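Each of the two complexes below includes subunit A, the first together with subunit B, the second together with subunit C.
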Partner chain A sequence: MSEMALPTTDKRTKLRIANREFRQELGMLMPALVLLAIFLVVPFLLSFWFSLTNERLVPRPVPASFIGLQNFQRVLSDPSFWNSLWNVIRFTLMVLPIQCGFALLTAVLINQKLPFRNLFRSLLFLPAISSMVIVCVIWSTLYQFPTGPLNSLLQGLTFGLAGPVDWLGDSAWSMPALVLLSAWQAYGFQMIVYLAGLQNISPELYDAAKIDGANAWQRFWHITMPGLKQTHVFVILITTIQAFKLFTQVNILTQGGPDGRTDTVVHYMIHSGFVEQKVGYASAVSIILFVIVLAVSLVQRRLMRDAS
Partner chain B sequence: MLKSGFLGKRLLIVAALAAATAATLPAEAKTKITMMHQGTADWVQTYKQVAAEFEAANPDYEVELIYAPHDSYNEKLGAAITAKQLPDIIELDAPFLANYAWSKYVVPISPYIDPAILADMTASNVAQGTYPIDNKLYAIGLADSSIVLYGNRKYLEQIGARIPTGVDDAWTREELEAVMAKLAKVDGVKWPLDLFRGYGIKSEWVTYAFSTVLQSMGCDLIDRKTWKATGTLDSEPCVKATKMLQDWAKAGMVVPQSAGTNQFYAAGNPAALAMGGHWFYAEAQKTMGDNIVVMPLPKFGDKAVSPNGTWIWAITSAAKNPEAAGKFLSYFLASKTLRDQARSQSAYPGLKSFAASSPLYAPGGAMAVAFDQADKTAVARPPHPAYPTITVAFMEAMDTIFNGGDPKKALNKAARKIDEEIEDNAGYPPFGTK
Partner chain C sequence: MSASTLLQKFGWRRLSRLEIVQLVSLTIIAIVVVSPLIILVVASLKPDRFAILADMGSMRAFWVDDPTLNNYREILSFDGALPFGRYLVNSVFILLTTVTGGLLINSMAAFVLAWGQMRGRAVILSVLIALYIIPQESIVMPLLVLVNKLGMSDGFSAQILPWMASPIYIFLFYQFFKQVPKDIVEAARMDGASLFRIYWSIFVPLSLPVMATVTILLGIDMWNQYLWPMLVTQSDYARPISVAIAGFFGQDTVFWNTAMAASVLMMVPVLVFYLFFQKWFMNSFAGAVKG
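And now, the complex of A and B:
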């Protein structure tokens, strides 16, 4: 009997301990959960509700009312919305290879046993820790038309044959100009992630390959790239989601111009919500953006999982 | 037990602190006035100083200034209203007045302001602060605004251009275009005209400056009787007016947006003419001195039109003590400190007594022409609660047009956007019924 009873009490004590631990953990999680609920979950649910009403930023004598899916219908039939979505896709397609490619390249570089390795690591990471706003202001000077440094450089190198180019004001150049500066500001984060991924690859694999006579390119292609598979998935997903949320650069440098060529979905949303004061309409845009980003992420994940 | 004891001690300390803070508060609270404003650093400093002077003169009052940056001011104000944190006094851009008055966030201001100051207002100042539905004054300013045509004296003399002396002999469109064509060939001139596209495509400047061109050529942003934009904003005169601006930009006659707003006075004076706000005078005069000619805005079409309206002050419906707010505003507008700062920025007088002490705008002064325009040619932007959408729609159209888009299509799109907004609000009654 006693032999039987002992394990039961033991189990009960274990259960009690587990229960207490759970309560302790919950207690410690609470502050974070409450904050998340207040600042993320509730606003998110609210925007669902707002998107079905004609809610205004500034409350009016006429109260807001339920209007069904009219906001969604209007958003989806507004050419400016499709234009902003197309711009974001263009931006993503351009920034993704440049930013991730550069991040991988620099990560491989600073992963070598070079002298002053730590100095190079810090220098390459510098843009990522500077504020995007400040980066934009600095780059706006570089891009200045017609006498900015970039234009002087271009004219100097081509002996005055090319340029000056109105980088931010020309409808062909404004988006590439934003891509370049965005990739430069943000690649540091992806570089660190790649660096971590690289350090997870066992050095023995490289040693073995060297003995087998593989050259640097073959080692990169057959050891480094497969070894980074999981890192790629993460980096590409994060970069895509960030790219879809493009806003700061546009707001500071081009305000969506020229002629809407750099307008983005988030910029369009903020504009309709805060400047035109149509909060209901802007909420509908945010819901649509959420669905699009979610869909793109899921498809990407599926594709990359299949590939691996 | 130990834990709860520790927590209890903490609570005790907090309670003790709270009690101590409460004890340091004076027994009778001062009357507090809150005021929300925008402005550059020097203006913010001036407001602080005026508030301190007011507090020194009226020890029973306390003024709290709330700063919001210019570029997102209307958004910040909207957020304050939503959060039910509307201050007693707000600064607002004149064309947005109708929106706030219609929503009943501002109250008629005349009962609270010193009658001497009310009598001192210029006609244009009264117009910018008046809500057309009840014809009551809702806001008041020390200043008003206008746009003139600045010219580089050296360049103009070089091509022998006729220099207008007053509103009545302003350049016509043909004369302006002939001058621009000649200026384009002058050494050192990169662009004959600066339209200040450098302020940005989403700047109120766009509507403020270019709506006058439309009005001069015989149309408007919206019909001011029926409050419908379709048929007005996309009418033939408006298409012609915006096509003219587009052609100038296409021909390289106009300073492009990315070149900034200083090309008129930058080294070498790359821009020969500048259609700029009155505030630009102080900026340009610093480097150009006597080389600036101030001319009236050209008469693009049949009648001469100039803009008006600036940032003015209103008392909100949230003010618990509007008399106190009015008392401070009256002090504020009469303050020498404020007027000295305004004068140093070549502010455009909205009070007659301020005009009298602003030699720049007095007869014979460099900006006399600008002040003359206020009486003869000023047209306010449409005083309608849908103005936030009207201006945004027009800005988008102008961005398209300046970048080579079809003017007719762009204006039609803007007009439909405006009409849709008005329909969504059931016509903003009582607008459209009167």
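And now, the complex of A and C:
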């Protein structure tokens, strides 16, 4: 047997091979880890450090100094911050039923064996691949005051009794207007998730219910809805997290206005950090945002476990 | 031959009343959902912003009498006031480099985590999964300070390097690589193939489905990025098309004609890919969920 011959060299070659393999593994692993360290871990840790200092975006002659928890105190006692948080919650409460409800409706419809279902599915997914910036261009013309399509539709349907409404400029309507365009842009993703969930429900259940004489509505409530329990939890979670990060639409269309009615946490953070250049202060906001997102995910993980 | 038998010949069966209701609702929903996009394309072919706004309130929003490409001609240049040719090329360049680099480094890292022999792989993997929870939004401010300090601001590297490596894509590759039977890896090792060789000639060809998923998800993500490039680009040099289009807003007059043309310009590459790889798009989005 070969292991009898020259055991020392054999060990050495083995060691050399192991060494070479180790270096190779390191070489393949490092690019990703180094990039993640520099551009994810370091900024994340920096945000904790910055939040305790008065760091500015453009450095001043005087270096930034440690100021303890002052940033957090200021953020939490600023009515504008609470306003932005409340707006995000309002946005979430409005967008959740509209976006998820519409996603479920379309998913159920394209899950039927109807003619042209693939064409319908492709068309209904189109908004989801459109950039939010483009969506803003389109919808701001749809919302035109006083002669945009939505206003003509409103006036036509009510025989001129209602409207015209300055959708994006009216403090009562600006948030619902953002909700509608956001739901239109994003529902396709939830639709696909629901579709995957629907396809996991055994068709035999539906056949059995049909034999028992259950109508379409009963089948939906007693088979489809319970079968989608886990999907619901997941969809609600991702929609909520997305909603808490609301920024692009607000930044382009309303700048948080009118009267701060559409200001959001991320918009507030970018405003204080980028426009007012108070990076320390903005970092405190970003940590609060992180804690909120983390809390939502943890709650979801619990619910997912309970649902399965 | 009656109409219904003719239809049946083309794969139609007699539809129940419920199915007809469903089909009609689906048609109406699809028209309503797609109409904003149709309005966009039609508007981009109208002569000027006055015509666009005048037609918006009526069905004329869906029709253009004498289509013109003037709006496109106005923006498709590489210098001047509206260098959208440049912005488009910038976006394509940023997307291609990020996706190519991302595919390579994420899959390599995932491969070592799945089949390497070094110690601490499990720890690295769980740290990566934990990192996945950090939202981009909550690191952009310190990242901006960092990028400024590294002298990368207003360039391409600041838009490419931060998003190449990603815990979620490493994890997608890892999950896929783990499913490959152990025997294949062992057999290749016995033949004296190095780890990189096993990765390159066995795992890369096998992993085309995951490659496609990551390409689509990362590609869409990069193409539509707004917040970060907005923070990091100050000049036209590396500005992507998304930030440039947002620049139409916030001026005294919004030039809807050129804004619409620029939007269509940004949409077309995505649409072309979508037409060819529809199934992949849907599967990618659904697959990312399970991951």
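Note that the second predicted complex is superposed on the first by the 261 of 308 C-alpha atoms of A that agree within 3 Å, B and C clash if a C-alpha of one lies under 4 Å from a C-alpha of the other, contacts with A are read in each partner's own complex, and residues count from 1 in each chain.
The rule is simple: a residue touches a chain if its C-beta (ideal position, glycine included) is under 8 Å from a C-beta of that chain, and two chains touch if they have at least 3 such contacts.
Just so it is clear, the structure is predicted and the values come from calculations on it, not from any experiment.
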> Given the touch rule stated above, what does A:H232 touch, subunit B (first), subunit C (second), both, or neither?
Replying inline: neither
> When both complexes are superposed, which of subunit B and subunit C contacts more residues belonging to subunit A?
Replying inline: C
> Of the partners subunit B and subunit C, which touch A:R121 in the superposed model: first, second, both, neither?
Replying inline: second
> In the superposed arrangement, which partner chain does A:F274 touch: subunit B (first), subunit C (second), both, or neither?
Replying inline: both
>> I'd like to know which partner A:T248 touches here: subunit B for first, subunit C for second, both or neither.
In response: second
> First (subunit B), second (subunit C), both or neither: which does A:N54 touch?
Replying inline: first
>> Looking at A:F189 after the superposition, I want to know if it touches subunit B, subunit C, both of them or none. Which is it: first, second, both, neither?
In response: second
> Common interface residues of subunit A with subunit B and subunit C?
Replying inline: 57, 144, 255, 274
>> Quick check on the complex: what are the subunit A residues that touch subunit C?
In response: 18, 20-22, 24-29, 31-33, 35-36, 38-44, 46-47, 50, 55, 57, 105-106, 109-110, 112, 114-115, 120-134, 136-142, 144, 147-149, 151-152, 184, 189, 192-193, 195-196, 216, 234, 241, 245, 247-248, 251-253, 255, 266, 269-270, 273-274, 279, 282-283, 286-287, 289-290, 293-294, 297
> Can you name the residues of subunit A that touch subunit B in the complex?
Replying inline: 54, 57-62, 80, 143-146, 166-169, 171, 255-261, 271, 274-277
> Can you list the subunit B residues touching subunit A in their complex?
Replying inline: 72, 74-75, 78-79, 81-82, 99, 102-105, 190, 200-202, 256-260, 388-389, 392, 396, 399-400, 402-405, 421, 424-426
> So in the complex, which bits of subunit C are touching subunit A?
Replying inline: 11-12, 15, 18-19, 22-23, 25-26, 29-30, 33-34, 36-37, 39-40, 43, 52-54, 56-58, 61, 104-106, 108-109, 111-113, 116-118, 124, 128, 131, 133-135, 137-146, 148, 161-167, 170, 194-196, 199, 220, 223-224, 226-227, 230-231, 242-243, 245-246, 248-250, 254, 256, 259-260, 263, 266-267, 270-271, 274, 278, 281-282, 285-286, 289-290
